[in-house]
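Each in structure tokens, the structures are laid out below.
You will see two complexes here that share chain A, one where it goes with chain B and one where it goes with chain C.
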Partner chain A sequence: MTVPPPVLTATNIRKSFGDREVLAGISLEAREGEVISILGGSGSGKSTFLRCLNLLEVPDEGQIAIGDVQAPLTRNRHGRLEVSDGRAAARLRTQTAMVFQGFNLWPHLTVLQNVMEAPLRVHRRDRDEVLATARSLLERVGMAGFHAAYPKRLSGGQQQRVAIARALATNPKLVLFDEPTSALDPERVREVLALMRSLAEEGRTMIVVTHEMAFARDVSSRVVHLMNGRVESSGPPAHMFGPDASPAFRAFLSPAAL
Partner chain B sequence: MMDDLTLLGFGPDGWAPLLLKGCLLTLAVSATSMAIGTVLGVLLAWARLKGPGWLRRTALVYGVVLRGVPELLVILLLYFGLPSLILSLSETFGWEAPGLPPPFLVGSLSVGLVSAAYQAEIFRGGVGAIPRGQFEAARAMGFSDLLCFHRIVLPQVARVVLPALGNVWQFNLKDSALIAVTGLSELMRTSLVAAGSTRHPFLFFGVAMALYLVLTTLSSTAFHYGGRYSNRWDRG
Partner chain C sequence: MGEHLTFIGSVTAQLVRAVPVTLLILAVSGVCATVLATGLTAMSVARSPLPRLIQRTWTFLFRGTPLILQIFMIYYGFAMVPWIRHGLLWAAFRDPVFCTCLAMTCCCSAYIAEIFRGALAAVPRGEIEAGRACGMTGFLLLRRVIAPSLIRIALPSYSNEIIMMTKSTSLASTITVLDITGVAQQVIAHSYRTLDVFCAAAALYLLINATLSTLLTALERRLDVDRAPTPLAPIPPTLEPLS
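The block that comes next holds the complex of A and B.
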């Protein structure tokens, strides 16, 4: 079996906020079709790490590449990394998509417009083609009847499903999920997780920051445990959720057992 | 009574044509100053939010000064003060002496400069009212800054700022009356002249009041509907 090419390569990512070191050198490679779950306690840096991957946060150190295109990070005269070319960064981001904890749908656009906005305006794709894609995506996420609705009218679970359709509309190489179910009622969590599972099954490359252990165990191809800004341990779920997992990760899974 | 109607009519002794022209001129000055205020206000708001330190401080001082002095003073300074300064400079250096500047331009500019100071505060607050996640969702999908501003920020800011801009417009319209001191025959100046030359001040000031009310009421209605339209996605 040939190894699929890497979609994302992050090398030695470091980031501090003031004196507090949040990321102490994290490397991660995601190959095509991989679903990577990033787990960790609060403050372990998992969301910050995810936000570094599409340069919503600029890391202090490290390198990021999407496919074989290097992120335009260069050192300024104070020795800190900065985005040297905003257009190149934007171009790189067109290859990825992100689903947020707080959905972040654009409230002034309808459901359909939310999904069509990026492929139309950023990728400048043909309108009919974009419309057809948007329709089938909304059908796929179970929101076909809501084309003309504004986000305010939707429940959290519905908004998140639209946000997932929006993320898929550009057919990105990599989808980043930042705690996509943390703001949802337990009942709504299930519908969003089911949708994410079906995306994983169709071979989407996904990096998911989550607290949903069942999702990490059953759906992901690799689980990464972050602790104190470092990769404490990682491996396939069978290993991570088995008897040979690292003590720290086992403690994380069942804090009551400590 | 017949006398009043003749004075307000379109006949040879009637002031109606001049009063209507005054109305149009008032609208034109107000619209020009509003436009100047919007362009400069957006720039000032940008300077306050994103500019480097020195620019941020300059914009702050601008706002404090222009909101802190009477408008009439700004008009007098630009219309009479600045030309006299230039005059004395040109005498010193032997340049050709310039005349008084065009009243329409200076009038619109001075009201516009003050308007910009107020509009800058409104835009700054408007952008601040948009949640961070809105920008992030756009950036994460590869939007350029300009596209994000145009498609995501502007429509959401419009909803927040339109009612406040309606107020600024109403102030602009009323403050344009101060430009009468430059001799520009907008509505205020025309009614002053009419009141003086016909010796019917109550009649003409009353009519001016009614005309100003018509202008402000019509335009605030327009802003109301504009506001409703820009808010269509946030209703129930």
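The block that comes next holds the complex of A and C.
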């Protein structure tokens, strides 16, 4: 069996905010079609790590590559990493997409315009093609009837489904989910998780920061447990949710397991 | 009574002829101040400290001193400077309308820049991050994501500033410009009917400001797409307007 090529390689990512070390050297590789769930208590650095992967946050140390393209990080004269080439960083980001906890749809654009924005303006794809893709994506996320609606008029679950359609519109190599269901009520959580599950089943490469244990256990191909800015343990869900999981991860799970 | 109405009628006719001067000062300084304020706003968020210092100093000076002093300094003060008096710029600086526009541009740009700066800070971070996350940079991000939100946030305060500017144009009359207020004072000087004339002038300012504020409110409504009182029902996909 051939191993699929890595879509993302992050090596030894470190990040401090002031004196507080949030990421103490995290490495992660995501291969094509993998769904990686990142779990951990609040303050374990999972969101910061995810935001480092598309350079929304610039790590203090480490390397990131999308496919075989290295992120343009170089050391400045103070010895800190910085983005040396904004355009190259932006090009790298065009290969990825992000779904946020707070949806972050653009309020002045309609649902359809939100989905069409990046492929049209950033990737400069053909308008008819983009429109057709956007239509079918909105159909897919169950928002076909809402093309002309503005985001503020939609429920949280609907907004998040549009945000997922927006993320898929450019056909990214990697989709990053930053606690996509944390701002939703339980009813809406289900509809968004079902959608994410169907994306996983069609072979999308996804990295998901989440508190949804059922999703991590049933959908992901690998579970990574972060603690104090490090990978405490990781493995396939069968192992992580089995009897041989690390004590720290079991302790983390125990309140949720009730 | 009949004579009274005739007088007010003829005064109003005289004042109306001065309206273009008032509007000219307002339009020129309004446009210039807005452009300058945009530049100042960009400077206020620059990475290097020098532009930020210039913006802060500009605001400190022009917001901290009375507009009328600025007008006097430019119109009377600069006339004392030999290289202006005898240079090519004198053609501009001897013109009181130019001097008023210059002073108002400098002063109001400081205020408008503060409005823009506040609005920029109020643009939700998440909207900008969503733009960056899909690969937007620089001008595209500014044009498609930041500016639309910024304008909607800034517009109410900006409208207020434009109304203030309309009233400030009357200071031009202190340096011999025959705008609405200037003509009003001229008429009073030989008719002594202070209240009638000033009331007629005030009515004209009210009319200008009412028009401006109606236009700006209409613009505000138009831009406020997502709060427009339209039915919440799902809209059939056939109705989608494509920009």
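What to note about this one:
The criterion applied here is as follows: the second predicted complex is superposed on the first by the 254 of 258 C-alpha atoms of A that agree within 3 Å, B and C clash if a C-alpha of one lies under 4 Å from a C-alpha of the other, contacts with A are read in each partner's own complex, and residues count from 1 in each chain.
In the analysis below, a residue touches a chain if its C-beta (ideal position, glycine included) is under 8 Å from a C-beta of that chain, and two chains touch if they have at least 3 such contacts.
For clarity, every value in this text was computed on a predicted model and none was experimentally measured.
Superposition of the two structures on chain A leads chain B and chain C into a clash.
Of the two partner chains placed around the shared chain by superposition, chain B and chain C are both touched by A:Glu117.
Once chain A of one complex is fitted onto chain A of the other, the partner contacts of A:Ala148 are limited to chain C, with no touch recorded for chain B. Looking at the superposition, the partner that touches the larger set of chain A residues, chain B or chain C, turns out to be C. In the superposition on chain A, no contact is made by A:Ser47 with either chain B or chain C.
In the superposition on chain A, contact is made by A:Arg135 with chain C only, not with chain B. Taken together, the two complexes place residues 54, 56, 86-87, 90-91, 93-94, 96-98, 100, 102-108, 110, 117-118, 121-122, 150, 152, 166-167, 170 of chain A in contact with chain B and also with chain C. Residue ranges of chain A in contact with chain B, taken from their complex: 54, 56, 86-87, 90-98, 100, 102-110, 117-118, 121-122, 150, 152, 166-167, 170, 176.
Interface residues of chain C, counted against chain A in their complex, comprise 124, 126-127, 129-138, 140, 144-145, 148-149, 152, 223, 225-227, 232, 234-237, 239-243. Looking at the complex, you find that chain A touches chain C at residues 54, 56, 86-87, 90-91, 93-94, 96-98, 100, 102-108, 110, 112-113, 117-118, 121-123, 131, 135, 144-153, 166-167, 170. The part of chain B that touches chain A in the complex is made up of residues 131, 133-134, 136-145, 147, 151-152, 155-156, 159, 233-234.
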